[in-house]
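Submitted below is the structure of interest, expressed as structure tokens.
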Amino acid sequence: LKILVLNPNTSEVFTAAIQAGAERYRSIGTDVVATSPSSGPRSIESKYDQLLCAQPSLEVLIAREAEFDGFVIACFSDHPLIYAAREMSSKPVLGIMEAALYTACMLGQRFSIVTTGSNKGSPGVWTVLRRYGLADRCASVRTTGLTVLDLEAASDAKVRLRILEEARRAVDEDTADVICLGCAGMVGLDKEIQNELGVPVIDGVAAAVKLVEALVGYGVGTSKRGAYAWPHGKSLLNMNSLFEKPYASN
Amino acid sequence: LKILVLNPNTSEVFTAAIQAGAERYRSIGTDVVATSPSSGPRSIESKYDQLLCAQPSLEVLIAREAEFDGFVIACFSDHPLIYAAREMSSKPVLGIMEAALYTACMLGQRFSIVTTGSNKGSPGVWTVLRRYGLADRCASVRTTGLTVLDLEAASDAKVRLRILEEARRAVDEDTADVICLGCAGMVGLDKEIQNELGVPVIDGVAAAVKLVEALVGYGVGTSKRGAYAWPHGKSLLNMNSLFEKPYASN
Amino acid sequence: LKILVLNPNTSEVFTAAIQAGAERYRSIGTDVVATSPSSGPRSIESKYDQLLCAQPSLEVLIAREAEFDGFVIACFSDHPLIYAAREMSSKPVLGIMEAALYTACMLGQRFSIVTTGSNKGSPGVWTVLRRYGLADRCASVRTTGLTVLDLEAASDAKVRLRILEEARRAVDEDTADVICLGCAGMVGLDKEIQNELGVPVIDGVAAAVKLVEALVGYGVGTSKRGAYAWPHGKSLLNMNSLFEKPYASN
Amino acid sequence: LKILVLNPNTSEVFTAAIQAGAERYRSIGTDVVATSPSSGPRSIESKYDQLLCAQPSLEVLIAREAEFDGFVIACFSDHPLIYAAREMSSKPVLGIMEAALYTACMLGQRFSIVTTGSNKGSPGVWTVLRRYGLADRCASVRTTGLTVLDLEAASDAKVRLRILEEARRAVDEDTADVICLGCAGMVGLDKEIQNELGVPVIDGVAAAVKLVEALVGYGVGTSKRGAYAWPHGKSLLNMNSLFEKPYASN
Amino acid sequence: LKILVLNPNTSEVFTAAIQAGAERYRSIGTDVVATSPSSGPRSIESKYDQLLCAQPSLEVLIAREAEFDGFVIACFSDHPLIYAAREMSSKPVLGIMEAALYTACMLGQRFSIVTTGSNKGSPGVWTVLRRYGLADRCASVRTTGLTVLDLEAASDAKVRLRILEEARRAVDEDTADVICLGCAGMVGLDKEIQNELGVPVIDGVAAAVKLVEALVGYGVGTSKRGAYAWPHGKSLLNMNSLFEKPYASN
Amino acid sequence: LKILVLNPNTSEVFTAAIQAGAERYRSIGTDVVATSPSSGPRSIESKYDQLLCAQPSLEVLIAREAEFDGFVIACFSDHPLIYAAREMSSKPVLGIMEAALYTACMLGQRFSIVTTGSNKGSPGVWTVLRRYGLADRCASVRTTGLTVLDLEAASDAKVRLRILEEARRAVDEDTADVICLGCAGMVGLDKEIQNELGVPVIDGVAAAVKLVEALVGYGVGTSKRGAYAWPHGKSLLNMNSLFEKPYASN
């Protein structure tokens, strides 16, 4: 059972941390490969960044789809790549945000998301929560003021403390009973905070790897009827012919 | 890793089928035990039945909580037992309905539920879907006119055909891209229908076993803050002292 | 016109207070009987307690259904007993929470609920409000930190003051225009707080008695089509034959 | 206990039928007076009609507020008069639509509304149902093709049959378990259809009278904090000084 | 291209300010006429006021419908006049609240409304936002404590400062990215606050004039099918025959 | 006043038709330029296509942002480009879907969308409608079975008839009072269908041009606080330096 974890940004520090995080929880017999595209922004903090990383990420997926049994998109958002990847494969594909949220919903009634950025970014998270139908289950979205790239120094005690502080407030002030770490860059901090606070703490990378294992183990994959049907073919102007490959699956 | 699958009705045929279904998909190293209470109704089709099976089911949970790493409540509903069981344990507890629904949401955009009973019962299912925040993801709730106990003869070709027929309509007419089997008694029919229709078909018992494995494998359990805190103790009038045990966990 | 008010816990202090509260507002010609089951927990503060009181409460309803014209379930929650009782009778059945909420909606635009427990319990109340479709009408759920059994001393000035304080904050800070008392144990405090604050204060027991009178007076009862149809019969394993009686009504 | 039932249109046939319908269900000791404004449209079928009847209806309410203990606005809609009347009184005020809907919700899980007009008018009813939070409880809005004034001949067998037919379809095809009659002009048809179909059938006039009795009997009235506070005074240009009276209550 | 801006209250100060505000942004070739009814309340702050101004406002619309290409109802609310006016014309009709909200939604993700009155009035604004489907886009409704008529002195520095202060808090504390001025009497303050805060500030009168120009320029008007069909005719008791005119359009 | 209309696919037939459609309704003094990216898929029918066209479309926007006063993204969807473009400019940016929907909401109560594809694609449209808060205003999403590229022959009588047919059904069967054409390729068909059916028919390209004119005329643009703030800068691996330009605006 082989899982590809695609980090859509180009931070090698993050890709390495994601690899380590995924390995910590994989079952015996599961191989996990974390990778990132060969071009694009070093972090994803805007819709602009999100679109810049799309084409090089699609290239990775096209090139490696056949090798793996399931896929994880390691960006804590409702990234359009998740949906494109589902169109491009009949195997399971999970984003780390949805993986974290579904996991949280199985363990408590009210999760909080502790994330990077300022509280200006929270409304965008709530929009996704509503899309997933889980807004009523969310106690709070708490931002730490850290940038995504601050997390490259996630081993730094100050960074860890800042995240722990907001997680504690989520539990004590917002009555959260589960914490979701809101950025792939927080991978590896879950158990430390869980031990500190006494509530389940979910890292999306770990959660996604476990859920992809469960789906593959059950023998189910992405439905090829409806929303995730193979993409309908058409001519591509001035593009590498490799991009025609997903059309051929139809 | 040991999982208890509690069938809250007293049909031995169902308990045996559930045992078989759970074993089919368990990972290497996982032990699954299906059981049912020592008293109560042979099937659960009303709120009245649901409450009748509660007390004997609680007895099973109290007696066996310590032995297992996770629990499945094998009734396709938002059974209050799920919530009581979460109060009574710090280990993962999943109902088969939520397990099926979350699994379906990872594989498609629109699931249908194919279930027993007449369409008079569908509104109750929609109420639960709204509670879970997943009503917008549901293409249809299709009823087969079968009673729950008709499914004791689930190996019967006529019964299987009836279920297949409604699943096919869900895909063809309602644009469902995933099918959820809406009764524990349909355990074991998933792959047959999946092969026939070419879309993922989810049996809640199998889905729940895989998800409990994932949760245990990730090292997380039911949160003991908030909604699922240990129950607050109080005196019990004229009741077996065994029922005081969950209060003592606090 | 005879109304049975079933207190599903076993606190005799509460049953007596409920009897007194119901009598205060009954119309001429209405008889009210408050009662409680012969076994079970002394208060209901968890799902576990809720299920423990179910079976002995069903026994009361089975034994006494024929004697009365309408039924009140005196627990401020969306107790499953309400729905089971509706399956077991063609007469009106009301829970005191829904009775209080509908009454509040006829008198103001925004009610608050003042209840026992800590604010950890509020999310569960909001879940019920959403189920009833009334979450947008709720200004706040305010908890007093009192346990249910603290209310056995509801005549105590300190207890009354604590409730009054939160009700005042609901009006002054949360812009509530109606107050609902969120526990059967607060029966009898309504007029005192109403006089103090100058907004309508609703006790669910009183509200439910008045609404059941209205329904009986209009000649309507629980619908026996759809969700509250008589329960479908089946064999009961190791249970008192009295529990077969509701099946026979079908 | 005196209740004023204000029919905001000027059809004398309707006012007489409403008087009769209200009297049929009033309790001993309740006086009911049905009345209508001295000018305005003979029926209300548009927003234009709704606004035309407003000023003469306000005159009735100003003149007679002191005489009565509670008020019913006998138009099956979310008529703005209901809200203005609540600002003008501290006594209970109910519209017949909300009275019918709350009553239906106490008796079943899914009501249907059978009303006049063509299905072009149904979306407006659904807008009100969403405002009340009760859209999820509504199985269908069925229109009869009858105009409001066709109901002046409600004793006519053809008119009755048309309404019965749609009510029957609501139960049989839409799985409604309660029927609400969607026009004040249908007053008096409730029991006939209830006997025919075997589900509760709610006439809003009767329901509103019973609910106002319940509210007055419980000693509660419209909240004068928040949305229904007395209207804030201001100068009125070229208007009868009688319209200044509600400002003075402040 | 001629636009009628109807101020439904009788404050001449407001009508003059609305005329000036509308003229500031009209395109070359657009004529704008602000007017108000010949009788009614000097401001609209309650449902009672809203109904008092309805009949004289309808008179203005009936008399002048033929002269204009589009209509603006200059009251920041979901005034029933908007809907009646749409029934009475096949030309575009816009309320200033909806005009401001749609405009805000094109420029940002989260608007705040800064309005008159106390925070007791905010729930009513939220009810309208939900009706429009835009509640999730609203960061806050902030009230200034000013009465509507305080705004007749909107040139007063203290009044302007009070509004600016709340707008600033909406941006800084509530993360609003667009401000809507919540009262026709705030017309003319938009650019001053926009310059101060650096976010778009929307005056509903200006927004409505621009949107009506856009609709007329595109050659579309109010649909005469469905909700805004011409009103169905009927006899009017004791009313000026001028009120029969809209029936004749059918 | 100059407006750039970006067709994100590479069909020259569509770009020419969009240019013609936009010119038909532009005001005197408005210049409109329709353009498309230099590479990418000839039509957009999947998430995969949507992401393929993103990078070349961003290039167009970066290169030409300074020349124009406002922007239209001519793809009938909630295309992520709309949001990226808003981050990249302080001028107005509109997608043609939102432009059509807001316009429809000003003219009727219930619009229908008539679009390409099969009814398998409708759920995706509903997801967007819910995101915009306008699902309750949508009478139906009707698909024609046409592919996007079939519309390159939109002058063909058979294609026009197919679209007209579904629009007629939307009005007659689904009670729509406004029709929105659900694909940029339908530009130019609006008035023909409007004349045929007698309800407003909205082409998103025309609607967006008129709304951008209105916004520019009012002197408002995209808010640079909150969701659409300038994108935060970071290093780009192996990308053309032109993609750094939007970071510099911050």
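A, B, C, D, E and F label the chains in the order they appear, each numbered from 1.
Criterion: a residue touches a chain if its C-beta (ideal position, glycine included) is under 8 Å from a C-beta of that chain, and two chains touch if they have at least 3 such contacts.
Computed from a predicted model, the values in this text were never measured in an experiment.
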A-F, B-F or C-D - pair sharing over half of the D-F contact pairs: B-F
Between chain B and chain D, centroid-to-centroid distance (C-alpha), Å: 44
Interchain centroid distance [CA atoms averaged], chain A/chain B, Å: 28
Multi-chain contact residues (two or more partners), chain D: 109-110, 120, 123-124, 127, 130, 136, 175, 225-227
Category of the chain touch graph - line, ring, star, complete, other: other
Complete list of chain pairs which touch one another: A-B, A-C, A-E, A-F, B-C, B-D, B-F, C-D, C-E, D-E, D-F, E-F
Complex interface listing, chain B residues touching chain A: 25, 27-29, 92, 94, 98, 102-103, 105-110, 132-137, 171, 175-178, 191, 194, 198-202, 206-207, 210-211, 213-215, 217-228
Residues of chain A defined as touching chain C within the complex: 109-110, 136, 139, 175
Touching residues on chain B, where the partner in the complex is chain D: 119-120, 122-124, 126-127, 130
Touch list for chain E against partner chain D, complex: 10, 38-43, 45-52, 54-55, 58, 80-81, 83-84, 86-88, 120, 123-124, 127, 130-131, 147, 149, 225-227, 229, 231-232, 234-239, 243, 246
